[in-house]
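Below are two complexes that have subunit A in common, paired first with subunit B and then with subunit C.
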Partner chain A sequence: MKDSRLTQYLPYLVVGLLALFPLVESTFYMQLLTKVLILAIFAMSLDLLVGYTGLVSFGHAAYFGLAGYALALMAPKYETVSLWWSLPASIGVCALFALITGTLVLRTRGIYFIMVTLAFAQMLFFIFHDTKLGGGSDGIYIYAKPLMKLGEIEVANLEKLEHFYWLVLILTGATYLLLHRILGSTFGRALLGIKVNEHRMRALGFPVFKYQLASFTLSGALAGLAGYMAAVQYGFVNPEILSWHQSGAVLMMVILGGMGTLYGSVIGAFAFVLLQEVLSNQAWFGIAAKHWQLAMGIFIMLVALYMPQGLAGLAQKFRRKPAEEAADE
Partner chain B sequence: MTDQKGLPPSPLPAEGGDHGSLRSRAVTVQSRGGPSTELLIEATGLHTFYGVSHILHGVDFSVRKGETIGLMGRNGMGKTTLLKTLLGLVRPREGMVKVRGMDMTQSATHAIARRGIAYVPEGRGIFPNLSVRENLVMAARAGVDGRREWDFDRVIHTFPRLGERLSNGGAQLSGGEQQMLTIGRALMTNPDLLILDEATEGLAPLIAREIWSIIKTIRASGIATVIVDKNYAAVMALANRSVVLVKGRVVFSGDSSELSDNQELMHRFLGV
Partner chain C sequence: MDFAFFLIQLLNGLQYGLLLFLVASGLTLVFGIMGIINLAHGSFYMVGAYLAWSLSSMTGSLTVAILLAIPLTVILGMGLERLLFRHLYQRDHLYQVLLTYGLILVFEELRSLIWGDDVHGVAVPALLNASIPLTENLSYPVYRLAISGVCLLLAAGLYFLIQKTRLGMMIRAGASNRDMVQSLGIDIKLIYTLVFALGIALAAFAGMINAPLSSVFPNMGGQVLIICFVVVVIGGIGSVKGAMAASLIIGLAETFGQVLVPEVAGMIVYVLMAIVLVWRPEGLFGRS
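Let's turn to the complex of A and B:
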């Protein structure tokens, strides 16, 4: 293939450029980009479920938000907390919650699965919204960013925007590589098989439920990683971060980017946030900017209708030879 | 016992017959020493329902190690339901399925499959979103006794056509190739029993013949097979034993030549 070298090096080029970004721009766009990368981790975690395991979750924000709350509740109020234990602990809480909810929700399929995942997310939402546990609807402030110290040496100072940005960039890359590795293994192939036909996989001797549960738990844990980072970035958590809007938004990112491609989720996160920024720009769209969700909705509909493979599918289309396309039909 | 034609399940010596059954008898004789007495599957008194429809009416069915069984019957007589019941894909309301002597009537399908049973379902069971290589490698595992006779290389050697298409997507294969891939994938699990449900359905005669010759090779390697196919002559030529289902009941169970020699039974049970 002619373009194989380009496709091979393109990801490194993109990551390299992103790594250099803080040198040219310091505040607003760097923060925006940090947000995008965090959402990219979140979207990739959902793609593992939707795109690779064939399970459409409509409650993925539960794990995202839970990690944020875990950090907020574990951190002493006016002291800094170490990232070395608070991050694994928050992810662990999410993984455990995913493991428990997974054993229940995975007994359902299709529309019921969507509804039950939504129900669990809503339960969590109301626990934090209606009880004093997490400060009710006001949420909790996280006054200090977590510390990254090895002995006396400070590895990174997360109060500095660029340090935090680089950390998130590294974690996004690590998440991609981890998922890429896992999905390329027999485990990943088995998930793809399960997505197509569960019975067939059982008849082949695969314990389908265990595979799905492993995927669900890993997905919840990675959503937790994203949620932790989001909580650190904003410096507070409130019930909104685990609301169904959030679950819907991340699902839209995955669909927009292209399900089952992993990098599509990253593209989807970029596209979603960018669109949101552009469409809600009052200088460009005036009064319509207030109703940016309407334009966004139309855009998502157009993508679903004319680009069912999402933006990643569009990229693939240009890359592939026509013969391959014909053979696919 | 619902066996109306209560013949012993072991292969009988071939008796004299007409010209037409010469071929089938030759095969029967050749394989007579094969099957051992170890039971891979022993199902008794199976009653299976789909909702209120009573599909299987007390079916007894057993497979010995190394044995080849032709499971026959017209459409809708319960062949596929029986296979699915054996694998736990459908649960019987009554009766028992023993796999290698262990009661697995309520066991999970994957646990049954892991006791050495490979199922090639009706309609091609490939995974279109995986390449040919991935389809095969994914399924690889050792047999129940740790055997790894069938590995990637041997499967490719048996199905050279697949070797030419390793990186193609499953959906890009022809019907015959898809069927070969499904059988090849089943062999990757190193089974003791291979269940083939309509493996040659909808295939061009030449391709179907290729599949039959592959089934023969598999049989010769000592793997027991249960074959369901519309091509009764081909099934009976290969099978030590034939089992005929009519309306969810076993109406014949015995030596294949016993059935193929008897025009009246063939007509009554199978309509040919």
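Let's turn to the complex of A and C:
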């Protein structure tokens, strides 16, 4: 393999370039890129379930949104809250909710699993939408960004766009490395085994349910990390962030990028947001931009029909030599 | 709660449950027979409601509108099965979810382009626009009773079709072994198309007859879809009987929940679902 050295260093190159991005000094693009990276964390967390554990969750926005609400409800109004405890606490809430819902939803498989995860996410949606708990359909504002202070020293000022951007970039990298590490371990191999053949793994003596539950909980916690950051970025939370459109969108990112590859999720998040920005660009599409979801819907259907392996699959296809293809047949 | 009030809530609950059954039965049939998860099922409910509104404002009669709209939705269903869903039978559920999610977006935007984003009311047919007095100041609308009656008739018809007719036998056989049925010389593709169109027509019909009660508004399909998922999970996938039982349970639970404990009413159906998942993960009438 000639290009193995390139692929080995490519991630570092990409991260390095991304780290330098604030030099461009464009508020719009930096915010957009921050959003992409947050969604990349979210998509990677779902890829752990869909691509590596074989569980298709259609309610993943629940954990994303819950973390945002956790932050909004924990933060005292008009006062700053420390990131050091509010972030772990928000992630903890999500992990706990994932643990509870996980024990219930993992009793089901296939179509049932999809419906039940969606139903629990909708339950959360209605709790925040219908009750006063989270400000109803209007949601809650988070007036100040969380503080990052060690003693008297300010580690980062999240009110500054580039500081927040760097923090999200570091967290995206950390999430990737963490998942990469976990998936390479015995635990990760066992998850893949469960995805391929659950009964065989059980017969081999693996505690299948416990492994799935661990994966489900970890996935919920990481979605919570992304949701916390999204809430900090936007400065408010409303029930829309845990709606099923969000769950559909993140699933789309995972498939678009190529599920079961991790880096594909990052690519998928980029591609999805880019597509969204292009299609809803009024300067280019005029009045049609208002109905951009029509084009997006058609695009999603085309991906489902003709590109099941996503962009990562497409790249692999092109990289393979014709001789290899012939040998397969 | 006095008796007349209780009776009204009971009738409302049953009517709501029966309406849910129309939507959920199509969903569960398509799941059970073709193994397809169709997130866009709620969109057909919406299409039905919008057709009822636009055709009834054109013709001036909801009955005429419904008679015109039913063939339209059947054609729509058959066309979509041929064009899209046929390619999904052998595919992973993941792609079914993705494709039907895309379809929802397409339906919502087309609805917005064709019919706009406003809320519309639909008039109750003059013949049924009356109410039965129960006490001095409580009465019950005839239209709701009529809906319940129509739903019951359709449920009975569906039961007869699936359990007692030759076509129903083929449908049931197709659900358990597709290849065997095909090698016996039965056109399974045609049967799938018919079942799919039937499911869609039922959902759309539910939207049509409920339009005067619920009015017509954007995204109305989503809400119904989720509740129908809960119905299917509680009843058991593929079981029409289960869909009926679960629809009535959910209909009554939600209606009485909203009267007795309005703060947590939205939660009740999900709590019921959680209980069923712990107790019988395959659903009340599902095969384990």
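We adopt the following convention: the second predicted complex is superposed on the first by the 320 of 329 C-alpha atoms of A that agree within 3 Å, B and C clash if a C-alpha of one lies under 4 Å from a C-alpha of the other, contacts with A are read in each partner's own complex, and residues count from 1 in each chain.
One rule holds for everything that comes next: a residue touches a chain if its C-beta (ideal position, glycine included) is under 8 Å from a C-beta of that chain, and two chains touch if they have at least 3 such contacts.
Source: prediction; values computed, not measured.
J.: Look at A:Leu305 in the shared chain and tell me whether it touches subunit B only, subunit C only, both, or neither; answer first, second, both or neither.
T.: second
J.: Applying the touch criterion given at the start, work out whether A:Ile267 contacts subunit B, subunit C, both or neither, answering first, second, both or neither.
T.: neither
J.: Counting touched residues of subunit A, say whether subunit B or subunit C comes out ahead.
T.: For subunit A, the partner with the higher number of touched residues is C.
J.: Would you sort A:Phe206 into first (subunit B), second (subunit C), both or neither based on which partner it touches?
T.: first
J.: Applying the touch criterion given at the start, work out whether A:Lys195 contacts subunit B, subunit C, both or neither, answering first, second, both or neither.
T.: first
J.: With the two complexes superposed on chain A, say which partner A:Val93 touches: subunit B (first), subunit C (second), both, or neither.
T.: A:Val93 contacts neither subunit B nor subunit C.
J.: Which residues of subunit B touch subunit A in their complex?
T.: My answer: residues 87, 89, 108-111, 113-114, 118-119, 121, 125, 127-130, 134, 137-139, 141, 168-169, 171-172, 185-186, 189.
J.: Which part of subunit A faces subunit C closely enough to touch in the complex?
T.: 50, 56, 58, 104-105, 107-108, 110-112, 114-116, 118-120, 122-123, 126-127, 130-131, 244, 248, 251-252, 255, 259, 291, 293-294, 296-301, 303-305, 308
J.: Please give the residue numbers of subunit A that touch subunit B in the complex, ascending.
T.: Listed in rising order, the residues are 186, 189-190, 192-193, 195-197, 199-208, 260, 327-328.
J.: Where on subunit C is subunit A touching in the complex?
T.: 31, 35, 37, 39, 84, 87, 91-99, 101-106, 108-110, 112-113, 222, 226, 229-230, 232-233, 237, 263, 266-267, 270, 273-274, 277-278, 281
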